[in-house]
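I have a structure I would like to understand better, so I am pasting it below and will then ask my questions one at a time.
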Amino acid sequence: MPNKITKKLKRFACLIAVTAFTASSAYADGVKVGFIGSLSSDAGLSALRGAQIAIDELNAAGGFNGEPIEYVKADTREDVTEGIKAYEYLAESEEVDFILSGSIDDVSLGWLPRMKEFRIPTLDTWTSYIGIIDMVIEDYEGMKTYFMNVASDEALATLYVDFGRDILAKKMGWDSVVILHEDTAFGGAINGLVSELLAPESGIEVLDTIVYDTATVDFSPIFNRAVDTGADFIYLISSVNSQVVSSQYTKLQVPKAMTGVNVAALGQEYWEDTGGEGGGISTLSPVPSVGFALDPASQEFVNTYTAKYGDSRPRFPHFNGFNAYWGIKQAFAAAKDAGGFDPDAWPQEMLKQDIKLEKDGEIWLRYGFWQPGEVEERTGRTYPHNIKFDITPPYDNGAPSMVVIQWYENGETAVIYPPKYATGEFAVPSWVK
Amino acid sequence: MTNPTKKYLLLWAIFIAVMLLLPEFVSKGTLRTIIFANFLAIFAISWDVLSGRTGYISFGHPFLIGIGAYTSAILSYRFDMPIELSIPLAVLTTTIGGTLFFLPALRLKGSYFALVTLAFMELMYQLVQVIRPDLTGGTRGMSGIETITRGAVNNYYLSFALMVTIAISMWLLMRTRFGSALSAIGMNEESVRGSGLSTTKLKLAAFMTSAFIAGLGGAFYVHYLGSIAPRALFDINFLFTIIVSALIGGAATIIGPMFGALFLTILLEALRPILPGVERYLIYGSIALIVYMFKPQGLVVLVLDTLDKLRSIISSRS
Amino acid sequence: MSDNAHLQLDHVVKHFGGLTATNDLSFDVKHGESLGLIGPNGAGKTTIFNLIMGEYRQDSGDILYQNQSITKLPTHARILKGVTRTYQVPRPFSEMSVLENIQIGLMPNQLREMIFQGPDRQKEEEIARNVGLSEQDFNRPPTELSIGDLRKLELARALATNPSLMLLDEVFAGLTLAEIAQIAELINKKRQEGMTFIIISHDLRSLEPLIDRAIAMSFGSIVAQGTFSEVISDQHVQKTYLGDS
Amino acid sequence: MLQILIQGLLLSGLYALIAVGFTLIFSVGRVLNLAYGAYLVIGGYVYFYFAQSLGLPKPLVMAMAVVCGCLVGVLKYRLIVKPLKGNHVAVEISTLILAVVIQAGIVLLFKDSPKILHPIVSGVWRVGGATITFNILTAAVSSWLIFGGLYLFVRKTHTGRAMEAVSMDTKGAVISGIRPDRINLITWGYIWRLGCNCRGIFCELYPAFPGYVGCAVNHCGCGGYRGWYRFDLGYLAGGPYYWIHGNYFNLFDRR
């Protein structure tokens, strides 16, 4: 009864005060790096570990200004609200100087207003949403502490158009497609770009677009609807639970070729996760990727990684593991020049960072950034603070933005496009006539 | 005004004074944690007014909070309506809309009521995605929604003011004969009817009060977060946190849900450095389960009982 | 039927599945009259109370209160008209004190009054004293009361609704002789004040002095009615209720 | 359209079986078992871990899922449901908490990425424009068999009839010499078995996925709500409902 309890309310008021005062105290010695991202996904863990290796190396070399670099992490659970809480935690409880993000697009969009508020230098290694680059263009002063260390969706789509023109249209002779995309910011953005570019540039007509929920477990009606459109192939855009859709594609033996973007297929664990039921699909992949030949410096990073983490998932870093590793190196190089992570001075220095990784005497990978106002020739627009990508062959201005990789039915992988990086051929599954 | 009331008002004043001075003593990170605790307390009080008192367990509170949050978010984000207008409209929509939806359910008893409200939450999850996704943002929701104020301290004061206003209003309301009648329904609904009271009317009033608070809390919550997505809102974990806050603190009181919300939020944040992931819910849930199984009256009673025991031990020794 | 009837049952039929609880039942009770209902277990006595209170709805037939049909009214509306009942097993609000229990009975069915008017403590105490509850029990929860005091509390909560017709279901069950005497005295006092009663009891000796008239039931039908001694000496009653012996 | 019809027909048995599990508890014990969704998921993960990660033979793993299911069901009844007996609100809330705990436990052990489970029978069969995998066919046949078995169990065996009696009238059953307590225990154990069975079949179709606890709770909530208080073949209504629920919304264009 209320009465019984409220009688003793007096003592209780004191208790609440005590509880509230037992607060975590913040300390601000040395430099602190915060990681924000999903700690239960392979891609999130890749970024977490990539950054950890870079920080270990920096600390072994004396840390920053003689102080060891501290590394704290906060889980977003791939949930927008949790992401906001996690960012607040890093900014206010841990008072970090720099944040490395392994968040998906929607989560990044959730915490971005908080980043603008706290003005903490932040580097995204996974999110590729072009809308965020647009925000940097529109509100440079507010967004200038933000950097994106992965090629944006637009670069992704452009490369795909080239692949469509060269391989799908010219080589395979296909001229119609049905787009199957998940209902996320990523799915919507890629779909827009593919639909607007694929038709005019490669002569492939979009017959239908099917949107599905990321929690879908049974794809048979969706695949049937796709097959019913009579299109020559299916273009899939999937970043969440992608194993499900591709394993069902194989299980149901959908009689159409399927290519597109399948984020799960970017990792070595894909084969294990699908239980070998994921062959026959190809996907666009940021570099470096499965099936991608590595330059010696990146190979060394991979060796360290597999020695340290080789017995737990992901055993081999995903693309954003590389991005996080090189991104931390760049962020600290910039901080050295800027004298710390000042929100005004640091971005200036970060923009100057440009790591060129060579293999066999030519540029193989490049970690640099587009400057504000610098126009990319082919799309005719600017990409301030986005990783410097090159979407025009022969890619001697840097690395390709993306490659297309193929999973064969026997579980082997290869890069199939562009030709400079190719190690294999495009293939359709055996059950497709 | 009777003497005990004066005493309680004094206690409220002390509590408010302590909370108002809090930003002077704790870090901003702790304040952010307490902001979430404040919102959770609002939702838990809202749940408790209906379910804690009358014993009609609502599993559909995220549905009500969702109406409030989505209405205000859509009006301000899509139609550029000022927040001063969108929040009252959202509260009105929640109270009226929620009542229309739940009206048939209020005639059901016990588990059936719980089931139907659970179904409402699922329904809302589906509807938000399907109906007018151009307005609701579909599965991915909306972000970049206008916020009322910036910074931890400002938001702390705002959320605390809202929470404490709701808490005191509900405390005053529940001290009236209306509050007694609601508790009586929880003990024996037939005897309430047998005392010449329309239980349907009482339950409806309790429900509308509950929906009003849920709508108010939901609308302010969305303008604090600045983003909204159906998966985070119409989620079993969210529902669980609301209900457990009310129960772990002590149902059918006002201090219970407030304390429960603070306890759970602080526990969850305290676990973050040790277990950063969803694994926290394993510990969190286990504590909730154990407390609930062994002390269904809640932690407030548990703490007070322990203090009493300690006091008697000390006094018997000296 | 006379115009003087306080409550009147008119060809009331109630089935539960295949079981007939009341079979075309008609009787009335006059203003200020006290009526006893007797019969074996399962005769349908409590069902009649449930029907009068609107806790069940009859399948056919009509129930009139002061010559107006109350069949369509919900329970609480019937109570507002002045009918109230007690239960065979008392049903107090277990986590409220005795006075708070009475408070619920006293409460008006208006939200505005519930919220803006405080409880009438004096009235609560008056009713509690009236039914013979002692001062030290006023702030105790019902769980600490004896069965006799629980019955008194049940009566008090019923009386708090200000009834003019009371239905008492087995008020004497489980009580000591002293307690029975106390409650009987209370009933007689209320009778003198003009209250109408319908009383169900197995305790015929205690029942006899409290009623003007009796109705004996069996399998949902009236088998005999009249004064207590007429009913009790009826052959059917002897056979069905008291056994052949 | 043909695909939806055929698959709906095949899967309705499976969905109905899941719904029956939920309603069985509800009708016998008068409690909502909100952790029921978690049962399905645990069945799936047992299958995943033992059959796929450790490579034990599938029939053995199915049996293991059933045994461990019964065990956990009985434990849960003894530790949670029975001590709270008579308080259905408390049982419902504690099962809700349990669902969250199980979900978190699964994430702790297996991470939250979905696990793709191997089909028991691979291959597909094309009818007109529709594709039917042999796996779905197997699942449909087994669920109908289990369903039939359940029906016979309830109608013909003493325990089954006792369960039915308790579901209709607890007091009446006590008078007839049935111990509702024991029947409840049997039912909870049985439900676990049923849940795990379902999941065993279900899992070949769909990936095991921790987030599924929540949605399965909701789904069962709705399914249970449809056909509550007597368990009978009438629950078949639950099947098509699930089907529409699961697929209609996906087919909706969300642009």
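By letter and in written order, the chains are A, B, C and D; residue numbering begins at 1 in each of them.
Simple rule for what comes next: contacts are C-beta pairs under 8 Å (C-beta built on N, C-alpha and C of every residue); 3 or more make two chains touch, one makes a residue touch a chain.
These numbers come from a predicted model, not from an experiment.
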Please report the smallest number of touch steps linking chain A to chain D. 1
By the touch rule set out at the top, what is the minimum number of steps from chain C to chain D? 2
By CA centroids, point me to the most central chain in this structure. B
Find the chain most remote from chain C, comparing centres computed as mean CA coordinates. A
Skim through the chains and flag the pair connected by the most C-beta pairs in contact. A-B
Between chain A and chain C, what distance separates the C-alpha centroids? Give it in angstrom. 75
Any idea how many Å lie between the Cα centroids of chain B and chain C? 42
Could you please state the distance in Å, as a whole number, between where the Cα atoms of chain B are centred and where those of chain D are centred? 32
State, to the nearest whole Å, the distance from the C-alpha centre of chain A to the C-alpha centre of chain B. 36
In chain B, the residues touching two or more other chains are 129, 138-139, 183, 277-278
Can you list the chain D residues in contact with two or more other chains? 107, 112, 215, 249, 254-255
Residues of chain C touching at least two other chains: 95-96
Chain A-facing residues of chain D, complex: 3-4, 7, 52, 107, 111-119, 122, 124, 129-131, 133, 135, 205-207, 209, 211-212, 215, 246-247, 249-251, 253-255
Residue positions on chain D within touch of chain B in the complex are 26, 30-32, 34, 80, 83-84, 88-90, 92-94, 96-101, 103-105, 107-108, 112, 213-215, 217-219, 221-222, 224-225, 228, 245, 249, 252, 254-255
Per the contact definition, I'd like the list of chain A residues that touch chain B in the complex. 1-2, 4-6, 8-13, 15-17, 19-21, 23-26, 39-40, 72-75, 77, 79-82, 84-85, 88-89, 92-95, 106, 109-110, 112-113, 117, 183-185, 188, 213-214
Can you list the residues on chain C that touch chain B in the complex? 53, 55, 74-77, 79-80, 84-85, 87, 91-96, 100, 103-105, 107, 109, 111, 113-119, 157-158, 160-161
Under the definition above, what is the set of chain B residues touching chain D in their complex? 55, 57, 59, 110-112, 114-116, 118-119, 121-122, 125-126, 129-130, 133, 138-139, 235-237, 239-240, 243-244, 247, 277-282, 284-286, 288-289, 292-293, 296
